[in-house]
Amino acid sequence: MHNIIKLFNLDVDLAVEARDLVRGTADREIPGVVEQVEKMEKIKITTITIKDQQGAHMMGRPIGSYVTIESPPLKINDPYVKDEIIDAMEKNMNFLFNSRLKTDDTVLLVGLGNWRATADSLGPKFIEYSPITRHYHHYAPEALVEGMRPVCGIAPGVLGITGLETFEVVEGIVNKIKPALLIVVDALAAQNVERIGTTIQMSNTGIQPGAGIGNARKALVEEKLGIPVIAIGCPTIVNASVIANQAIQKFCLNTGAIYDDLKAIDSIKNVLSYFGGSLAVTPKEIDEIIENSARIISMGVAKSLFPSISQEQLELYAT
Amino acid sequence: MHNIIKLFNLDVDLAVEARDLVRGTADREIPGVVEQVEKMEKIKITTITIKDQQGAHMMGRPIGSYVTIESPPLKINDPYVKDEIIDAMEKNMNFLFNSRLKTDDTVLLVGLGNWRATADSLGPKFIEYSPITRHYHHYAPEALVEGMRPVCGIAPGVLGITGLETFEVVEGIVNKIKPALLIVVDALAAQNVERIGTTIQMSNTGIQPGAGIGNARKALVEEKLGIPVIAIGCPTIVNASVIANQAIQKFCLNTGAIYDDLKAIDSIKNVLSYFGGSLAVTPKEIDEIIENSARIISMGVAKSLFPSISQEQLELYAT
Amino acid sequence: MHNIIKLFNLDVDLAVEARDLVRGTADREIPGVVEQVEKMEKIKITTITIKDQQGAHMMGRPIGSYVTIESPPLKINDPYVKDEIIDAMEKNMNFLFNSRLKTDDTVLLVGLGNWRATADSLGPKFIEYSPITRHYHHYAPEALVEGMRPVCGIAPGVLGITGLETFEVVEGIVNKIKPALLIVVDALAAQNVERIGTTIQMSNTGIQPGAGIGNARKALVEEKLGIPVIAIGCPTIVNASVIANQAIQKFCLNTGAIYDDLKAIDSIKNVLSYFGGSLAVTPKEIDEIIENSARIISMGVAKSLFPSISQEQLELYAT
Amino acid sequence: MHNIIKLFNLDVDLAVEARDLVRGTADREIPGVVEQVEKMEKIKITTITIKDQQGAHMMGRPIGSYVTIESPPLKINDPYVKDEIIDAMEKNMNFLFNSRLKTDDTVLLVGLGNWRATADSLGPKFIEYSPITRHYHHYAPEALVEGMRPVCGIAPGVLGITGLETFEVVEGIVNKIKPALLIVVDALAAQNVERIGTTIQMSNTGIQPGAGIGNARKALVEEKLGIPVIAIGCPTIVNASVIANQAIQKFCLNTGAIYDDLKAIDSIKNVLSYFGGSLAVTPKEIDEIIENSARIISMGVAKSLFPSISQEQLELYAT
């Protein structure tokens, strides 16, 4: 499977899936990588910590902590699971940025993706549903309740529409407004359709928009920006070539045929070549899934940023 | 392949694909089915005519004519191909409803699908971009130029959102306003990703919303509605299980493994089960493809309904 | 003021405003019209009942009951007022259609207006946020909880875009599916900007889309459709000529100049002529106001239609 | 009238309207201001040049040139007027930035406003319809035809939704990517409803987002950004208080009553107080007007930036 990913130049956005790929069928430990699982009533929280360069190399992603919240019911709007997820997000936000923010520290939210393409609109919708308060500090401080730190947000759009790298947009804002923390939300690609709308990943390692570990020049990371970067994402698509390869593998298992990854890749390319690698598999309910996920992530983040403010109050500040 | 389609209960919306499935690898004639191909500079027009019950049974669709306009450049907005397609549509509209409309006959346009789900919004966008003139005849006849027959249109929404069958909405309107012709536009599912945004199918057999030939009770067909029904569609998705099966078949071909359709189905179900049959494969450019296709179809239909009116003039009437 | 409304051919959509216009400055009773006011903690409910033809003639609207719920905080998303309004709507729905629905009676919801024009999208959004259940009765009865009557809904679009009268679309559906009750939601025009987003009107008299009492042929009323029709609306605009006239009247009051309605009309026409009567005054927050109002009305209606189902459960059925 | 504007703190966005306000009823020259009018077949071009501080003070705007293209048919989609306007824009773009751009100079487009509020979405739509090419220079130079300079664009959103000043977003991008020219597009407020959708203003003086000349700290101007700034705008609203005041003035003229601006202001405040100054007057066709204006401005700008490329080719690059 690793070969498929390399040859199609696919991203493995989820640390839990990278771990599964590294491990393969063996259930062995990965050197330099520590994992911890917490099971709650309706959700499961897996924390993968990459501790050194060896772990980073094997996992294909930077040193740091990756928290995965999994809950099949997340994709339907079950109010009870929603609250459990929001609580888990709040708690893990605190864990991930470690040092608590000071009361009046500014936070910058960044919503990656394209609001005109449903499956890629998670980031822009996150900005839309988040309470934005920074301008009240300048123009209408009397409209603020106690505990309303300055929070601002931007959805910088995608390269194909703006001609600008995300980093080119975000770096200037960071230099200008000096936030103490950056929170970046993006739609992710998964290796498994079951993850669409059921998984949230949070990490303290920043983000490489649209690329693997190599292209560090444009990464939204602490080394480049000078402030901690929390990255949050939800899988919203699976690449069509991943699905096709899984079907071939399963077919070989079922029939006893011998799986050959180069020939599998050839076969898949032949079927999917017309649109190159850009074919995405999504469920019909994707609009609703994005909507719900964006609202839940907005609230989970808001609760961690404004711990003394009630959820009802926060909804009033969400534009 | 036929088995896959039956077992996953998939639609084969395109007559040219049904023909390929019936023929299989052999290039034999299908009894009761006549085919004619016309190649133009940038497009290819295939007319499949099902002449009798035997042909209808083999092709899994009603007696009638199916015109398929194929042009890889359709999906990009090449102005030259656009005009060739619009001309071909106009000509074949005339061929399909055979008897010409009288000057003041009313025409009802129906745009099937869900305007909130990109890949399913072709029909509603067709209504949006079509010149609608019927109300001018009642309220502002002076705003009409010579040759502006009464045209009206509705996008009835989808069952999951309205709780209403399309037929339940359309039948009443037909009885009330007595159109001489119904034109129904819908997004289709293809068996091949290359067809997305490159193919238009037009037929004079009406349409069975969201189903095969069986569910005749709810079909939009002349027998039920009492007026001719032209159905027009563009493929906008391929079902994920179709892609997966093609990859398995190609892999068997490449490796010499023996293809077994039951085991293929098992493998695919295993990979895709979580969202049932509702997983669709679409290219990332789907928003743009739908937009362009809807505009081209609107104009092709409008030119056939208002033969004496210029394209510029028609665009002024398109709301 | 009456003259302004006649001369500009404006609608007075709200019964409470028609009452004020009839009364003028005098606080006299209107023959054939009974009024009752209930004040609650955050809202005020005025029930105007037109009892006979004399009252109907004076009020310019049919015999029947008109319930107006007023609450300045309605336009902001105050969770507490929201619940009070939803409760008031539920209670008055029961009052207005008098005879209770039987358990398995079908209800048809109609959302008037144009979803592409913000200030006119209240009706379509009402359909979007309402729980739709009728199709589950046919296709997935196991997905229904006890007490889930069949509810369906349609947003038929506006004449200018479809070329169809609302009545032409709705009558056929009513004949086909035989609902026991029709509920129609529409955006209204007010005489006062303070009413935008703060007022809900409910009546049991049906509705004349886009027109006064004269054009009965196209009215959605019990006499025509054979079933009770509840009409619900919220003011979302004030016509610009109404605002201008109010300013002139107030100016005359402030300066002692003599108000002359013909000269006022001339002056206003002169200022607004370019776009005819189609100039609307809306607040910048109109998108948010429509969104909140549509959600509140959907929930108020749903609670009255599914009295045994919890609000959380209802939200799961809202597509 | 001047008092109305001051007291309601309104913007006079159009130089031609500022000129009319300064002149009042007298047709005198304004010191330090030169005006030139060119009449073409379907459009009229007025160039107002503010030459010194005295002119700037009287006109309430910076020294520089303001080109106004007026054409009543602009708001309908007349293909012939469209081409005349696009040509006029191209010609005046060259006039305004004076020194021609070098072949490979980068240009940054900025679309101000809120894409979720129709009347404020001109800027974001301008970005959407403009050919964006900068990323091809990095990633796919082979996709570029000769003469395709690097153009990029951003719609930074509005303060109320992002908590960020436009200047805070744009300055960082300018510093990072070093464009040779900034082109800013924004929706404007007019003093006259006839201007909505019929007027385009272009100037070489930059822009003060949402404010008059005072708030220079946040202005998008050459002195702050170090590069020339072309500002382009179309009126999309008239403030309701302006309409009301005009009606009062016209009424006084018609009846011989004496106009008193303080009492007029009092009267208007009384009528409009509930929503403060945020009440906008727009025609019902505003969605269509914005759409057409955005497409025309995009094309006019694109023609001036890519003089050797055909309009058809440019449309292919517009995402």
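Every chain is named by a letter (A, B, C and D) in the order it is written, and numbering of its residues begins at 1.
Keep in mind that, in the parts below, a contact is a pair of C-beta atoms (placed from the backbone, for glycine too) under 8 Å apart; a residue touches a chain by one contact, two chains touch by 3 or more.
This one's a predicted model, so the numbers in the text were calculated from it and none came from an experiment.
S.K.: Same or different for chain A and chain B, when you check if over half of the residue numbers at their contact belong to both copies?
M.R.: Since more than half of the residue numbers are used by both chains, the interface counts as same.
S.K.: What rotation angle, rounded to the nearest 5 degrees, superposes the C-alpha atoms of chain B onto those of its identical copy chain C?
M.R.: So the angle, rounded to a multiple of 5, is 180 degrees.
S.K.: Would you mind pulling out the distance in Å between where the CA atoms of chain B average out and where those of chain C do?
M.R.: Computed value for the inter-centroid distance: 38 Å.
S.K.: Compute the distance, rounded to whole Å, between the mean C-alpha positions of chain C and chain D.
M.R.: About 37 Å, centre to centre.
S.K.: I'd like the Å distance between the centres of chain B and chain D, where a centre is the mean of that chain's Cα atoms.
M.R.: Each chain's C-alpha centroid was found; their separation is 43 Å.
S.K.: Hunt down the residues of chain B that sit against at least two other chains at once, touch-wise.
M.R.: If we look for residues of chain B contacting two or more partner chains, we find 116, 319.
S.K.: Tell me, which parts of chain B touch chain A in their complex?
M.R.: Chain B residues touching chain A: 116-118, 120, 193-194, 196, 240, 243-248, 250-255, 257-258, 260, 263-264, 266-268, 270-272, 274-275, 278-287.
S.K.: Spell out the residues on chain B that touch chain C in their complex, using ranges where they run on.
M.R.: For this pair, the touching residues of chain B are 115-116, 127-128, 132-135, 150-157, 159-164, 168-169, 171-177, 319.
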